[in-house]
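The structure under discussion appears below in the form of structure tokens.
Letters are used for the chains, namely A, B, C and D, taken in the order the chains are written, and counting of residues starts over at 1 for each.
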Amino acid sequence: MAALITARMASTAEILACFDDAALVDAALRFERELAAAQAEHGLIAPAAAAAIARACDGFDPTGLGEAAAHAGVLAIPLVARLRAAVPAEHAGAVHLGATSQDVADTALVLQIARAMPLVAGELAALADRLADLARTHATTPALGRTLLQPAELVSFGVRAANWLLAIDAAAARLAREHRAASQLALGGPVGTLSALGAIGPAVRATLAARLGLAAGPAWHSRRDAIAGLGAALGIAVGATGKLARDVALLMQPELGELAEPAIAGRGGSSAMPYKRNPTGCQVALSAAVRAPGLVASLLGGLPQELERGIGGWQAEPPVIADLFALGHGAARAMRVVIDGLEVHAAEIAAHADAASHVQVARDPALAAAARFVDEALAIHAAAVAARNLAE
Amino acid sequence: MAALITARMASTAEILACFDDAALVDAALRFERELAAAQAEHGLIAPAAAAAIARACDGFDPTGLGEAAAHAGVLAIPLVARLRAAVPAEHAGAVHLGATSQDVADTALVLQIARAMPLVAGELAALADRLADLARTHATTPALGRTLLQPAELVSFGVRAANWLLAIDAAAARLAREHRAASQLALGGPVGTLSALGAIGPAVRATLAARLGLAAGPAWHSRRDAIAGLGAALGIAVGATGKLARDVALLMQPELGELAEPAIAGRGGSSAMPYKRNPTGCQVALSAAVRAPGLVASLLGGLPQELERGIGGWQAEPPVIADLFALGHGAARAMRVVIDGLEVHAAEIAAHADAASHVQVARDPALAAAARFVDEALAIHAAAVAARNLAE
Amino acid sequence: MAALITARMASTAEILACFDDAALVDAALRFERELAAAQAEHGLIAPAAAAAIARACDGFDPTGLGEAAAHAGVLAIPLVARLRAAVPAEHAGAVHLGATSQDVADTALVLQIARAMPLVAGELAALADRLADLARTHATTPALGRTLLQPAELVSFGVRAANWLLAIDAAAARLAREHRAASQLALGGPVGTLSALGAIGPAVRATLAARLGLAAGPAWHSRRDAIAGLGAALGIAVGATGKLARDVALLMQPELGELAEPAIAGRGGSSAMPYKRNPTGCQVALSAAVRAPGLVASLLGGLPQELERGIGGWQAEPPVIADLFALGHGAARAMRVVIDGLEVHAAEIAAHADAASHVQVARDPALAAAARFVDEALAIHAAAVAARNLAE
Amino acid sequence: MAALITARMASTAEILACFDDAALVDAALRFERELAAAQAEHGLIAPAAAAAIARACDGFDPTGLGEAAAHAGVLAIPLVARLRAAVPAEHAGAVHLGATSQDVADTALVLQIARAMPLVAGELAALADRLADLARTHATTPALGRTLLQPAELVSFGVRAANWLLAIDAAAARLAREHRAASQLALGGPVGTLSALGAIGPAVRATLAARLGLAAGPAWHSRRDAIAGLGAALGIAVGATGKLARDVALLMQPELGELAEPAIAGRGGSSAMPYKRNPTGCQVALSAAVRAPGLVASLLGGLPQELERGIGGWQAEPPVIADLFALGHGAARAMRVVIDGLEVHAAEIAAHADAASHVQVARDPALAAAARFVDEALAIHAAAVAARNLAE
């Protein structure tokens, strides 16, 4: 049994499924199956061997694999042993040929990431699009700006939304960029040089990469910058949703009363105070923003890996990356739902703006400046959307 | 399905079970059941109500609880609702009386911790005792000291073991101290003052605490120092095992060849290099040491909680504490097993010491100093053991 | 030239002075001077040598020491070389006798810490005492409790202050405890065993420790748990001031208007909005709370030190410890000043409480519960003060 | 006085100078001077006013500015007050017109970064080029691969260098990319909309940006993703140098003896063991790699900034960014010097490779694979150099 209740309160079932045992075993088997297919394509193993391996993958029984992997110290040992036992003896040598444990582990991680990325990117895109609508709609809805939690000059509510939008767009773009860099097959064999595959090694690597939808390049067994970069990008995306959540939670304080999370039956209540309407979506994103920085630090802390393959550093990554994706999707989803149904209390917003007798810049020029800010942000968003569409 | 393979590779089944769904629900139900019992004892509710609640807890069905808790934003909402539905209508009001969601969440966390602590403490104690044996046995076994990974003056292998020992003992003592500070019931009601229970509130709290084996004190809904302190102590314990693992892994390099992890069938192999004998136990501890610092930072990052109950900070703690315990137990267990069966290659150790023609302090005074160091460490260890026994 | 403006904005001149170059050199020289004195006392060196070394310390010229230390890789190399050059040739061998670079570095750090601790402890104690006054004064001043930034049941303003108080007291007690554990002389010589001093080594160590006001024990060159523990305690103290700051800043929002930082001429203004009164003290503490968790993680990340003396880990500590003390003192000072002159807007507090028609617990029982909470907190505080006085 | 000795031991005088008080004041004054010039260009203020402001900047006296800034809570308050006092009264209103404190703070930080970046990028580029030489020279120098600190299959020493090279190149490219994103003027005025400058605001912003060599865009007062991204990129670069340092330090162990840091008079010694040759350059980089992850976490922790301008989060950034640049340059410089003069002990490397009777892949195919790895890495490096040159 696992700690799924706790995990689920911080995240979504969909993204947790991308990193669960089934997903991990599936990804690892995909590596072994497609490796065999690629090697058969290049004549390294017999087509019959590749077919037998594919069948062994189909019929793979993962029972007890966790215990066995923990005992061995790597997943590949029991996984490959079971595959070898499952194919006819003459094909046993064709399983995992020329590959090493870390090839499976790293590629499986990248394949799990490939499945998780569209979920996070999709939520961020949807969130951004909705924020753009808010910015457009409220481009000149006067609102009281607040700095250091004190009243300042006038903005519009659209400026606030535009600012959220720019942060989400920037985070999504960085995440997409880092994901591209990290989407690389790991196939290097024992010491990373493909030495066991001979001169045809790079060609096999290219074929395998194509089959898995990944880029090919020199094995990155002890170069973990791309994983760290991806993790940092996820951490920044979580931070951007956290900023949005912080603002919504502040503006939901009844004394301000400018916004409210959507009323959803059964959500945001209190076991002791039935009258309460808690900012539950914001809570998810703010909680994620508390956890993400340390997780990113964990990835960075593992960078100084030893020689051709480190001891401890890369083994620390999979659960940390899984947590960052879980938090990233959980936070983006929570805030997308919040913004989808956000209650904008125009009267209260207006009242605070109207009451601001202290301001130095008059209402009309302040709103004109606000409209310019929004226009600029929407133009940047349009470019981001175009870039996003181009990349797909 | 969950990410148990990955979790198990870094930890043990026993400690993971302390924080799984069953353990969480069990702890939460224990809170509700004993709260009712305590309230019955003080005449706040009828004995029949307490009995009905106990029965409802016995028959509790956790199906779908994770989804429901995620929807509500807190576990207590669906949990209490199910209990209320499961008792006769006249007792529904007796369920969770005067308590709040965070009371359940915080106390459940503390109860899970109470179950996990002896596992970690037990492994650390066993590890320390074995290190003490090593230190005693090798108090004057000459060994080459190494500073900044370069040869230095002579020590004994016992000095090295004594140094590991002191670090583990100090970490275990801090952990025990912080655990005592954190073993406190949370019962405060909606705003932490026990306001819904009237003047008898503190007495109910004391009774409930006694029933749960916890200390009683003012509710700590928005004071999370004890949780952070416990987390930091776990992080330091992981660091101490990481230091031990770093040293063993370095001394296992064949060119040094002074130590080896025990040969355990099926452990430490390589999927590509069957001749390998990897420091797999050290890998577990070093990997934990990469992850723990960031997790501690996450707990500290959540400290500035808002007013009577924060938004995001305390909600971030349970998975982080669970991870720190998982890493703490995983690392301590792994290194306890390593030290239990450690191969001490006396001849190689002696050879390196003998070949050290550069040393400035002669062998005899160096070994006499080593023996004094070991004696001092063993005396400190004896005091630590006495303190540990006293506390039990 | 240094980055003092930035440092000073986050901290105080007094604590920065505890870790500046003069303080470091002073501490390092104190080690060398008292080491010689202790060795003369035990007949290891001539009294004349100790006297010469003391004179050389008095006349020490630190010019260019930073550059020289950076070149050498350790401070002790140029420092000891200068001392040796400054004493008569026959006493050169008496300088730094039997000690190693890390002995100086570690002891100097501990001596700097010894100077910094009373500053931090003093501010925390003063802050706690003032919070106790606030709690006492407002034990039954009705206030609206707020959970997840939403209105909840009634508390008193005294409950809020008592909660702040308990967090500060707990943090101060942990800090004092960890400081005691860390206040240990480092004298171990090249490999930590005092091997170069012979059988009299431990006695010399005890004398030196007494002269420096530190405890004595086995050298801790590669056991850094005490430094990490101290750092974590500082981080938690910063977090406790951050919680206080978060609350004050929230309650200072004009729409709530329950509190205000004291009006201090020239503080809290805006370069663009002269009407503003910013929560500048809170800003200092909240900024510290953003920085501290990562610094604590840095200390924990260095724990797996290599063999008898690590490469990188312990060298990372001094600037991190200095930063944590700087933030700890800066935050505690800032909030002590805030609380010293805190404007408690009783009318606004009362108005919010009065307007809370949603509450379930009536005013009188809510206030009675509040008074009990405050009493309990004040009793705990009294015990903390007594323990603090006892320890002094 | 400041903690320069400690700072200098971890970094270089050049980069510390980019973030010292003089650099900060210079950057802040550059903002004010060029803002005035831009506003004069657009007719917002008189040319005479701009000239007077320029003169006031030239004659600016920073005495006591740190204390004053700490008192005010922001640097801009005393800085602008002094400028206003230094210009003829009729021009006082032209100083800092339409700008806000955070505009100065943020832009000054970006200008300091602009000065620091070429230093870090230059060291990384030089380090990469030298690593490329090493890889080329030793493309087929047989070497024993080591995984999990245990002997594995054969590589070449060139493969090891190529792996270091790829990590440094990837880190440098990420750093350049994140620097471009962060090189943006902050000019938004009180609430970020340029409201005080009217319709000409964006034009003034564009002119000012061009004068400062920065990009222009919507004010980023409360969107800190670019700063966090830059910090993460620095942290990853530090990690890449840390990986290189870890490997060099391991290979310098005399029992391996494959490499040595260059012998530099007065560097790498021991105050107790004159025979020692410590890996002092590696120590600098490894120490940086211990500190950097926590610093990155600090930046991420500050992301959820409040509304139009946060309290605490952005104020935490300047010292953290300064530390990351200091560590980045210190580590890159240290390792560049190490690699510049690296002693490659070909005989020992060969001996270990020759003695490796356990290997499964024969020498010739292993070396052919090594040569392919090196070629591929050098091609990637050539592309990186071309991209780098293009960007300059």
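We take it that contacts are C-beta pairs under 8 Å (C-beta built on N, C-alpha and C of every residue); 3 or more make two chains touch, one makes a residue touch a chain.
No experiment lies behind these values; they were computed from the predicted model shown.
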item	value
Fewest touching-chain hops separating chain A from chain C	1
Centroid spacing, where centroids are CA-atom means, of chain B and chain C in whole angstrom	26
Rounded Å distance between chain B and chain D, as computed from the means of their C-alpha atoms	37
Sites on chain A at which at least two other chains make contact	146-149, 152-153, 189-190, 196, 242, 245, 249-250, 270, 273, 278-279, 283, 286, 289, 293-294, 296-298, 301, 311, 360
Graph class of chain-chain contacts, one of line, ring, star, complete, other	complete
Chain C residues touching chain D - in the complex, by the definition given at the top	1-10, 13, 16-17, 19-22, 24-25, 65-67, 69-77, 80, 96, 98-101, 104, 189-190, 196, 242, 245, 249, 266-273, 278-280, 282-291, 293-298, 301-302, 311-313, 315-316, 318-320, 322-323
Residue ranges of chain C touching chain B (in the complex, touch as defined)	145-149, 152-155, 159-160, 162-163, 166-167, 170-171, 174, 177, 181, 189-199, 201-202, 217-218, 220-226, 228-229, 232-233, 235-236, 238-240, 242-243, 245-247, 250-251, 286, 289, 292-294, 296-301, 303-311, 360-361, 365-366, 368-370, 372-373, 376-377, 380
Complex interface listing, chain D residues touching chain B	146-153, 249-250, 252-256, 270, 272-273, 275-279, 283, 293-294, 297, 301, 352, 358, 360
